[in-house]
């Protein structure tokens, strides 16, 4: 063993980094449930190792020319092999890095945020479970392993969304998330099965290679591609399965930051980019994805424009940005998509963690209340949040600017300019709703109410007494935020080296990426002006002194309602679930089960007994009647045989 | 003179009857003495029968055939008789003054049945049947309970019995006319050639009536429920066990004689078997009186046994013999429980078994195993019997018949389970007195339990025996 | 007239009459007598077959004798049971005895 | 065939069988009022069985495959009945499953007060039958043990049961034994068609029956065993029976006994009548698919926890049927694996519900709610089982479902896709139950109830451990299964 370790330090590094969280989860659940301190230390210890190993791997392999693959058989059945191992290439290394770092930061942050929660140990166990599943998903060398951990990530998501299980809405949201992603996953699974049956091999490299070289039939690619894309729709909350993600905000805010914005929901996009060449081989599938991505992005942006819930805004924005990434990938912009994924992970985690501080402090999600209660007094968080919002809106020099530019560049390269227009419209709305939120907190309409609400008075007072001096827990939360803000600031400048790393060593970049040049500047101006326009709009309506803080949409109550109720998508799901599942098939089947099948059996028994009663009349008490029966039977028998 | 050796078991029962006849002449008999004598004589009878089990030969101008088949059944009969006598210690159901007559009639009846299993000539068969029947006609009304049940039972049993025997002798007369012989062996040779004549068919069917009556097959069953219910528990036990043996043996022998591939006969037997099983099981479902329930179940079991017989193959006959043996053991187990629980000789309602598992665990266990055996559940002997019977039937290709038989077994399980439920689940409504189980009964139960399981799981030697017995049929 | 079939027909008629009487009479003694008729039918059959067909002259007659003997015993037993019934029920009508059923 | 059968030195299979029969006898001879001793004795005999089975599992040579630990003696000469015990890759997991479920089941019944002696004696009799079916390779014995495993259900449910116990007991017993009313003719039919010489499974297999015989025999065996395997539409005994049964009995029954049905179809029906299988496979797949979807839908409407589990069993056993009907290595691998996984999972389900029911005396979902607050550990057992039930990866049943679905989509595309859609419904239905039972506000009504103590939690932890162990290391089981399935499929 030792010699193997020495010869090839990659295997133990991966094994340690991705395996320890599982161990941590097991340890916490089995032994340290009643010791929150120890539980958190175990978990953070494991994730630190993961960060170290991710860094180590990145450093060691950043110059590697070929992907490094290692796999052992997890399961062998007939010709089917389920491998377990890793595939390290720039993409997975990047993603591994993102997951490990953000997990680490969130876990540190949670020390403060979750302090004192009765389920503290459980929280860290689930966090570890998530980290384990997510990292193994990222490094999966085959679609099957990816799918397995994909499902496990979903499980972690379910558990973490429903973390406050005593809250009905939380458990409801968890269920909704699981079932809705399950719908997509069934498609994904079917796609994988089709690939297995049609192609026989699920290795990611093999699939990409085969698709690129054209040795796979295009029908198979299209069909299985579309099915696999269902997985993306479910996991990355694309249209029409997007409504679970806003609901998922019922979970603790760090969870939202980690799972439901930065990493887990990006798994869909990650998977898309993982087998990008495969998808790219099917124009139909790409077109479909582009369409879905666009619709998602626009729909989610509209929803974000009308909500007052801090987290909901970022949730819609996540959906929208995910749609944006899908657009990028579907338009052929591999690098743009991945790059946006990376930057988005940073700034969206930042946004959520900042919101978390507010929520933790003011015990409310409503941005108006936070603003009135004096949200802007938390200087560092509001500053960081503004940084995040700027990045989200795509303004220089924040990371979002670079990635968004890249995507718009890709879209500009697409022959159909409608996608570019949609992208620009999206950028406008993004800036609008982001700064709507910022302005609500910064410049509350009636100024800051010095008197907090009666109900919260003592509570807040207690907190202020506790955190007035910016206590330890506060700093535990603020430091990760500041780190993330720093990353957001600088990440964009590594665009070219990142591009070199990712594309140069990995998958070829496809058309559209070269949309620089003369058009590029036009685009740049257009994008930035869109963002500025959005911010300006937000300023006029929410920021400037004496602004009504109503928004132009309130003038169109129908539209407002449409947006606020998520384009009635939830109603649609609810109603079809009630009508077709509960009211339809379930009740039909249940009635059938009770009446027809079981009733049939009971009826059979009843008739048997009734038969007994009937036949017993043959045995009357009258002797001669008995004799008659007997003689009659003999006569019948004789007659039968004589004839 | 050496040939008389073959007749020793029968002679023994003649003398046994004589002893009790002498007892009955005395004004007052010590009951204990009578019982002990009976048990000892019964045991000796069993020993004698077993000792002469390997004899074979012909007697009385070939009218009497002693072979392994007959001797095996004689052992069953002796065993059954011994068990019944053994269970008669109190005999509260019978007037004490009649106890010696009771034992005498049992001895005579056993004698008649032993003769029946060996008979190879129509007149001998007729006389043996009548001998055993007359004893039973008298045994059945010999009961001391309130009400008029027992006379009613007696008259019904008598009337139906003599009608059946009249049918039989009328049928025999036709067989005699057609085949010009009363020797079964000759008949068997001639009968297949003339089977298409109406007289032969009528004769055969009518003659079989007598046997079917004894076996209580549908439609000759109607005495069974009434007799089971009306007769004293011990007498019912005797009828249900020993008497059934003789009837089964006779049917096997008679049908075996007719031999060959007589599709007509097979059709008749299949019909009777299906109807018997179905009728017996269906009507048993609604019974409340345990003995009456067992009567209907006996009708069904006659049907199962007939499945083995109607195969007309060696395997079929041997399976029927095995089934008969299994039936003897299981049925006796159940009746033992009835006798023990109904100490005063009353009739037992199913609900009166309530709480038996507390009142007497060993009896409850005996009852459960016996009933599961009757239902054909492994690992009891009843299952093995059914298995052999059905195997024989399927060897002949009667798939549908076997399926019907199994469905019937499932139906039967229902009412057996009701009885088991009473014994194990129900709490008695009014507290019944605890059941007195003395060492004797305990030993008996143990023996029966072991026998049921042992015969069920280790049937090899007994199957070999029954096969040898079936082979000894001509 | 001196044919087998004649005797057989007579025997059958005897048997049928017995059967009819058995089913129709409610009087137990009458039923007993009817059974005797049936037995007589059988006896007549035996004699007739013996006379016309059997190689061995004695068999049918012996059987008949036995039937007669057994019938006598049967009647004795039957009468004794009927007597017991009469003692308890003060009637020999069979309709009085129908408690057992089902 | 015979050359590969080496007589083992130590008759370990008989020893496993005897561990239950001797256990039963020993229990019978302990005075009924010494309940503690009875429980200790039963647990130790169950532990003995578990150790023997684990050793067997360990000692089985996967590389060599085939029948091992063969014990074969002539039993009844004239019929050709053999006392023939052996293990291969198919029954080995089943034996292991049985021992695990028995051990944990006996342990969960530690609180039993009512008629303790009879309960454990009957349980042992039942399990003796189960072991017997799984290890016998002789048709006669398979049937004998099969029935032995069924009839103790009646007293077990009727005496110690819950809701509508007498009705449930009677229904279950009669229904299942009605199934054996088809099995016995089927077995004997094959025996008779094979010349009436032997009941040895492999000798019969070598004879090869005509297609007509196979068709007739297979449908009889399928229907007969299918009832026990809760194949749609013969499943209604399952919810009713489970609701009525006491915890350990439900565990053994749903965990092991239902597998007897599927095992019987595989071992008898498919081995002896491959052409019959081919003829009826379509129907089998159809019923199985209906079962999968239907079970999940009906489960959605249930309000009794045990009903829910009962219907989930219907759905999961449909998976087994679907796997078997594909006649591919993957399908049968998956089916056998699913039998094992589902066994452990349902045992966990029922033991979790058992604790809840023992303490709250209700298993109606609307009455419960918020249980996680009062008894987090006890709830978590159920929740883990629910995850296993909806096919979360790294739990044993996921692998089974994976294999079954892959082969099903290949062989029966439409039915396979429908079955896949059933996954969504089953997720909905399980999570709904979990949510309504365990989540939500703390229920003051149950606030006083203590969480499950460690001693009683141990058997449940063992079950969770087994689920996750074989979920993480499925190869350990699948290699064993495959060693038997590959030659089996190639012989079809």
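The chains carry the letters A, B, C and D, assigned in the order they are written, with residues numbered from 1 in each.
The rule we apply is simple: a residue touches a chain if its C-beta (ideal position, glycine included) is under 8 Å from a C-beta of that chain, and two chains touch if they have at least 3 such contacts.
Since the model is a prediction, treat every value here as computed from it, not as a measurement.
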{"item": "Labels of chains that are neighbours to subunit B and to subunit C", "value": "A"}
{"item": "Pair of chains joined by more contacts [C-beta pairs], B-D or A-C", "value": "B-D"}
{"item": "Whole-Å separation of chain centres (CA-atom averages), subunit A against subunit C", "value": "97"}
{"item": "Whole-Å gap separating subunit B and subunit D, where each centre is the average of the chain's CA atoms", "value": "42"}
{"item": "Subunit A and subunit B, separation of their C-alpha mean positions in angstrom", "value": "77"}
{"item": "Cα-centroid distance, subunit C relative to subunit D, in whole angstrom", "value": "64"}
{"item": "Junction residues of subunit B - those touching two or more other chains", "value": "155-156, 159, 163, 167, 225, 283, 286, 414"}
{"item": "Two or more partner chains touched - positions in subunit D", "value": "174"}
{"item": "Where subunit C touches two or more other chains, by residue", "value": "22, 94, 97-100, 102"}
{"item": "Chain-to-chain touches, reported pairwise for every pair that qualifies", "value": "A-B, A-C, A-D, B-C, B-D"}
{"item": "Contacting residues of subunit C [partner subunit A, same complex]", "value": "19, 22-24, 26, 94-95, 97-102"}
{"item": "Residue ranges of subunit A in contact with subunit B within the complex", "value": "605, 608-609, 611-613, 615-616, 618-619, 623, 626-627, 629-634, 637-638, 641-642"}
{"item": "In the complex, subunit B residues that touch subunit D", "value": "315, 357, 372, 377-379, 383, 387-388, 390-391, 394-395, 397, 399, 402-403, 406-407, 409-410, 413-414, 417, 420-421, 424-425, 457, 459-460, 463-464, 467"}
{"item": "Of all residues in subunit D, those that touch subunit A in their complex", "value": "171, 174-175, 233, 235-237, 240, 294, 297-298, 300-301, 328-330, 333-334, 370, 372-373, 387, 390-394, 398-399, 402-403, 405-406, 409-410, 416-417, 420-421, 423-425, 427-428, 431-432, 435, 438-442, 474-475, 478-479, 482, 486"}
{"item": "In the complex with subunit C, residue positions of subunit B that touch it", "value": "122-123, 126-127, 130, 134, 137-138, 141, 147-149, 151-156, 158-159, 162-163, 166-167, 169-170, 172-174, 176-177, 180, 182, 225-226, 229-230, 283, 286-287, 292"}
